[in-house]
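In the two complexes that follow, subunit A is the common piece, with subunit B as its partner first and subunit C second.
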Partner chain A sequence: MYNINCDVAVIGGGPAGLAAAIAAKKEGAEKVLIIERDESLGGILQQCIHPGFGLTRFNEELTGPEYYSRFTEEVSSLGVEVLLNSMVLEVNDSEKTVICVNKEYGMTKVVAKSIVLAMGCRERTRANIVTPGTRPAGIYTAGSAQRLINRQNIMVGKKIVILGSGDIGMIMARRMTLEGANVVMVVELMDYLAGLTRNKVQCLDDFNIPLKTSHTITKIVGDKRVEGVYVAPVDENKKPILEKEEFVACDTVLFSVGLIPENELSKNAEVEICPVTNGPVVNQYMQTSKEAIFACGNVVHVNDLVDNVSAESEQAGKYAARLAMGSFPEKEKEIAVKTGRNVRYTCPHKLIKSNENEKVNLYFRVLAPEKSVKLIARCGEEIISSKKEYRVNPGEMNNLCIETAKISGNEIVIEALKEE
Partner chain B sequence: MEKEIICTVCPRGCHIKVVGDDKNVQSLEGYGCKRGVDYATAEFISPVRILTTTVKIDGNDADLLPVRSNKPLPKDKLFECMEIIRKTSVKLPIKQYDVVISNICDSGADIVASKSVL
Partner chain C sequence: MLKTDVVVIGAGAVGCAIARELSKYNVNVIVVDKNEDVGGDASKSNSAIIHTGYDAAPGTLESQLVVAANPMYDELCRDLDVPFKRIGAILPAITEEQFEKLPEIKAKAFRNHVYDVEYMSRDELLKMEPELNPEVKGGLYIPRESIIDPFILVQALAENAFANGVEFLLGAKVTDIKTENGKIKSVVTEKGEIETTYVINSAGLYCDEIAEMVDKADYKVVARKGQFYILDNKTSCKVNKIVLPIPTKITKGKLMCPTIHGNMLVGPTAEDQPSKTDKSTSTEGLDSIAKDVKNLVPNVNLRDTITQYSGLRPNRNPEGLNFNMYDDLFGYVNLSGVRSTGLTLSVAMGKYVVEQLLLSGAGFVLKDNFIKTRKGIIKFSEQTKEVQEELVKENPLYGNIVCRCETITEAEILDAIKRPLGAKSVDAVKRRVRAGMGRCQGGFCGPKVIEILARELKVSPEEINKNDPGSYMNVGRAR
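Up next is the complex of A and B:
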């Protein structure tokens, strides 16, 4: 088997992997290798031709290709090595190896001092949400339609219904309208928007595309090609009210119903997985339950902004490099991060109190939308970080900055309290 | 004329009620900050958007070049611009930010390459 030795091996060449590799190299790791299954770097951003990236990081509104090319340029100028067209089959923690398959080298064994998981996520499909009906042509996930239209020059349909008001769904509504399709409606099960408000304004409202919240598709109809869908309102338990079902004619249905972190490799490596995010449990160094395995980006938790992915991936890369070089912070104590009132999950899931005083950016999502909220991090009754928010929404990530020196006891609770 | 504008400057998403005519704003209600006033005023008088799409590459049916307007375009010209872009194709190599169509629809904006294809 062909052998490659490196200090830090990064699995995945999307925004997470690129930022991690760059940070690892800058931190001083000598040989950093990105392993990517696609024929080029950039990951999903290659098909995200719309603007809206980089507002936080670069203070500019960039398209996906502009955003990732800033990183790929740095990857090549810093001398990060890249193995394209290479599918990783196995990550082995005890041997610190990554086995991949590549057309040129065949089976390849990468031996690393530390490994960064940056495989991203994949879309939930019709099968995941079990939509009844026939199985004609014309049913796509929003992301695969996006790839076909934006990268492969294949238009997916003319008259379209989209299920799910996630960002990809709304962005595809605009994209297909601009390409001459008629987007009949966007159907959303919840009583609130799943994606960002600015996407509703610029992708739906701009083109008078109706958004039907508290509705769902009850059945897909059609023999060879989709002929239409039945759409019904749902009750408070999200059960369709079938008496109010209506037929909507269309030739294409797009599913934009959420993303699942892609963790087959992590699970095989016996990395501990968080049941809420479906991604690895990590500390502030983005280190998993296995010492030499780090993880970052959508493989850990599904982000709404790539800017956040880049920031947390830099942490992963930096500390993966420090582990490889033998200069990792000395652990004094492990602190559990617990979710309190109206908090669904946090990332990182635990904090390490080390010999260094660190400022940690702790990301989290709320369970339900709410107005006039105070976000707090507390140890017992003592509040160690807080911030007021006019409004919180499950679709928009929140964060608190925590100084590890201020932590007392063995746990921190993160809460979104209602302000009077 | 009265219009409700959802501000997209920050995630707060204020619903701002704007009253005015084609050229002037008479009153604004419901904004949370100065940036919201600027956004709603511009959005009321002449809404603009960045246009992003793809153009064909000569001699290559299976690949596309992502392009963008280098500045925001009047919202009501988006479809007119798309008509022109649809008929356009480029020759390789092309570098990021190379102009593909200059001054599209007399908007003052250029359509430029979002990435390099060599």
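Up next is the complex of A and C:
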């Protein structure tokens, strides 16, 4: 078997892997290797040809390819090594190895001092949410339709219904319209938007595409190709009200019903997985339950902004490098991060109090939309960080900055409180 | 006009098994099917179980053929490289009332000449199947109930028949059968007329419509829908054996079992319907599966589902498996009532049909150059690291993983497309190598498979279908 030795091995060359590899190199790791299954770097951003990336990080609006190009340029100028067309089959924690397969070298064993998981996520499918009906051609996840149009120049349909108001769904509504298709409606099960508000404005409102909240697709019709869908409003328990079901003719259904972190490799390496995010449990160094395995980006939790992914992945890369070089912070105490009122999950899931005083950016999502909210982090009754928000929404990530020196006790609770 | 000795109508399990059996003889055979791919309709959407026949109606042709077929599979699957496992089935009695029924079921198995059904105590069952409802009182164990890859079984039968000289005319719906002086003259298809001596109607769901062409439709086919769930191979609650409910007078009920590829299969419903094409799933149907199967395996996690599908069993009215030859129509063989046991009995039916033809005076002579074996597509993911290394060295395309969920390589997909009776559509690739059958359901590999198919078949990507013609996947180039 072909052997490669390195300090930090990064699995995945999308935005997370790129930022992690660059940070690891900058921190001083000598040999950093990105293993990527695609024929080029950039991950899903390669098919995201729309603008909207980089507003927080670069203070300008970039397309997906423009955004990742800034990183790939740095990857090559810094001398990060890249193994393309290489599918990782196994991550072994005890041997610190990554087994991958590649046309050129065949089976390849990468031996690393630390490993960063940056495999991203996959789309939830029509079958995952059990939408009844037939199984004709013309049913796509929004992301695969996006790949077909933007990378393979193939148009998937003419008359479109989209289920789910996630960001990819709304962006595809605009994209299909620009390509001359008729997007009949976007259907959303919840009574609120799943994605970013700005995407509703720019992708739906600007093109007069109706958004039907509290509705769902109850049945797909069509033998060989989709002929239409039945759409019905739902009651407070999200059950369709079948008396109000209506037929909507279309030839294509796109599903934008959520993303699932892709953790088959992590699970096989016995990394602890958080049941809420479906991603690894991590601390502020983005270190998983296995000392030498780090994780970042959408493999940990699904982000709405790539800018956050880059920031979070830099942490992973930096500390993976420090572990590889033997200069990892000395752990004094482990603090559990607990979710309080209207908080669905946090990332990181735990904090390490070390010999260094750190400012940690703690990301979290709320359970339900609310206006006039105070976000707090508290240890017992003592509030150690807080911030006011006019509005919070499950589709938009929140964050609080926490100084580890201020933490007392063994746990910290994150809450979104209603302001009177 | 094409000329042959035998036309087999239908390239499902039964048609392909008959064709393979006939290919042992010096006789010209053409298999015709309306679909573009071999594999039939009912043959590709069922519970993928090779039955023992323990619960058949004793004394019937169905009982005779199922019971005879089951022991044939060990050798057949070795010869034809078909994934097959004898995992066994259990029949747990959850209520006292069900427990009382066990002796009757065992006695019926005995009358079907299935002698190896055993009683199991509650403890034995729970040890065998820890996820079973703990209220179980006891049950039966049927060791030879087995699981198979139904797609590969039919492909293997067809490919082996092809290797032995059988021709396949696919995408060719039969529109008429011509007779002359009480004899078969020819079969008319959308792709031309075939002059023939024998016609074997193994058209499954459509066998009544074929029989009507020669005035032999003294029955109707009623489609009985069965809906199923497939669960992720990493689902939280798995069973090791085929877990069957105690049947009621109305239905055999809904089961849970592993598939040959490690997923869990849960279902089916049994719903008679007038349409022979409506394969939709429904909320009511799927909910009824959940309710019934939780009775057997309380922790079954249907949220781990990666797909749901429906199959249509070609039930016969009046009921029962029938084999018919007619004094007033020489050369015509009619098969009807091939239902849920059809996959199992297909190989025995192949032998039975040929035997009956020989008895009726068909002078088929055995060949001495019959090729008995067929090599399947090498599965990269199932090889040891050493073998994987060799494979990539010999053919670098084994190093290109196209379907990440099931670890399917480009080399496997090319083999599926290029082999005889190869894949022409995205679903046909999926049925041969499982690209797109994993948890993302083709979200990632689907667009790549379209590209590979277009390249290999030398057509534009717009011409690639999901399945049969009409199931177009895209409408042209983006602007």
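In this text, the second predicted complex is superposed on the first by the 420 of 420 C-alpha atoms of A that agree within 3 Å, B and C clash if a C-alpha of one lies under 4 Å from a C-alpha of the other, contacts with A are read in each partner's own complex, and residues count from 1 in each chain.
We adopt the following convention: a residue touches a chain if its C-beta (ideal position, glycine included) is under 8 Å from a C-beta of that chain, and two chains touch if they have at least 3 such contacts.
Here the structure is a predicted model, which is why all the values come from computation and not from measurement.
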Original post:
Which of the two partners, first being subunit B and second being subunit C, lies in contact with A:143: first, second, both, or neither?
Top reply: second
**OP:** Once the structures are superposed on A, label A:206 by its partner contacts, choosing first (subunit B), second (subunit C), both or neither.
**Re:** first
**OP:** Once the structures are superposed on A, label A:284 by its partner contacts, choosing first (subunit B), second (subunit C), both or neither.
**Re:** neither
**OP:** See if subunit A has more residues touched by subunit B or by subunit C, and give me that chain.
**Re:** C
**OP:** Examine A:89 and indicate which partner it touches, taking first as subunit B and second as subunit C; both and neither are also allowed.
**Re:** second
**OP:** Considering only the touch criterion stated at the top, classify A:153 as touching first (subunit B), second (subunit C), both, or neither.
**Re:** both
Original post:
For A:218, is the partner it touches subunit B (first), subunit C (second), both, or none of the two (neither)?
Top reply: second
**OP:** Would you tell me the residues on subunit A in contact with subunit B in one complex that are also in contact with subunit C in the other?
**Re:** 149-153, 179
Subject >> Complex contacts: residues of subunit B adjacent to subunit A >> reply: 6, 8, 11-13, 32, 49-54, 56, 61-64, 66-68, 75, 78-79, 82, 96, 114-116
**OP:** Spell out the residues on subunit C that touch subunit A in their complex, using ranges where they run on.
**Re:** 234, 277-283, 285-286, 302, 305-309, 385, 388-389, 392-393, 396-401, 404-405, 407, 439-444, 446-447, 450-451, 461-462, 465-479
Subject >> Parts of subunit A lying in touch with subunit C, wherever the complex brings them together >> reply: 1, 37, 85, 87, 89, 99, 101-104, 106-107, 122-123, 125-128, 130, 132-138, 140-141, 143-144, 147-158, 179-180, 218-221, 223-225, 251, 264, 267
**OP:** Going by the contact rule at the top, pick out the subunit A residues touching subunit B in the complex.
**Re:** 49-51, 61, 63-66, 69, 149-153, 178-179, 196-198, 200-202, 205-206, 390-391, 393, 396
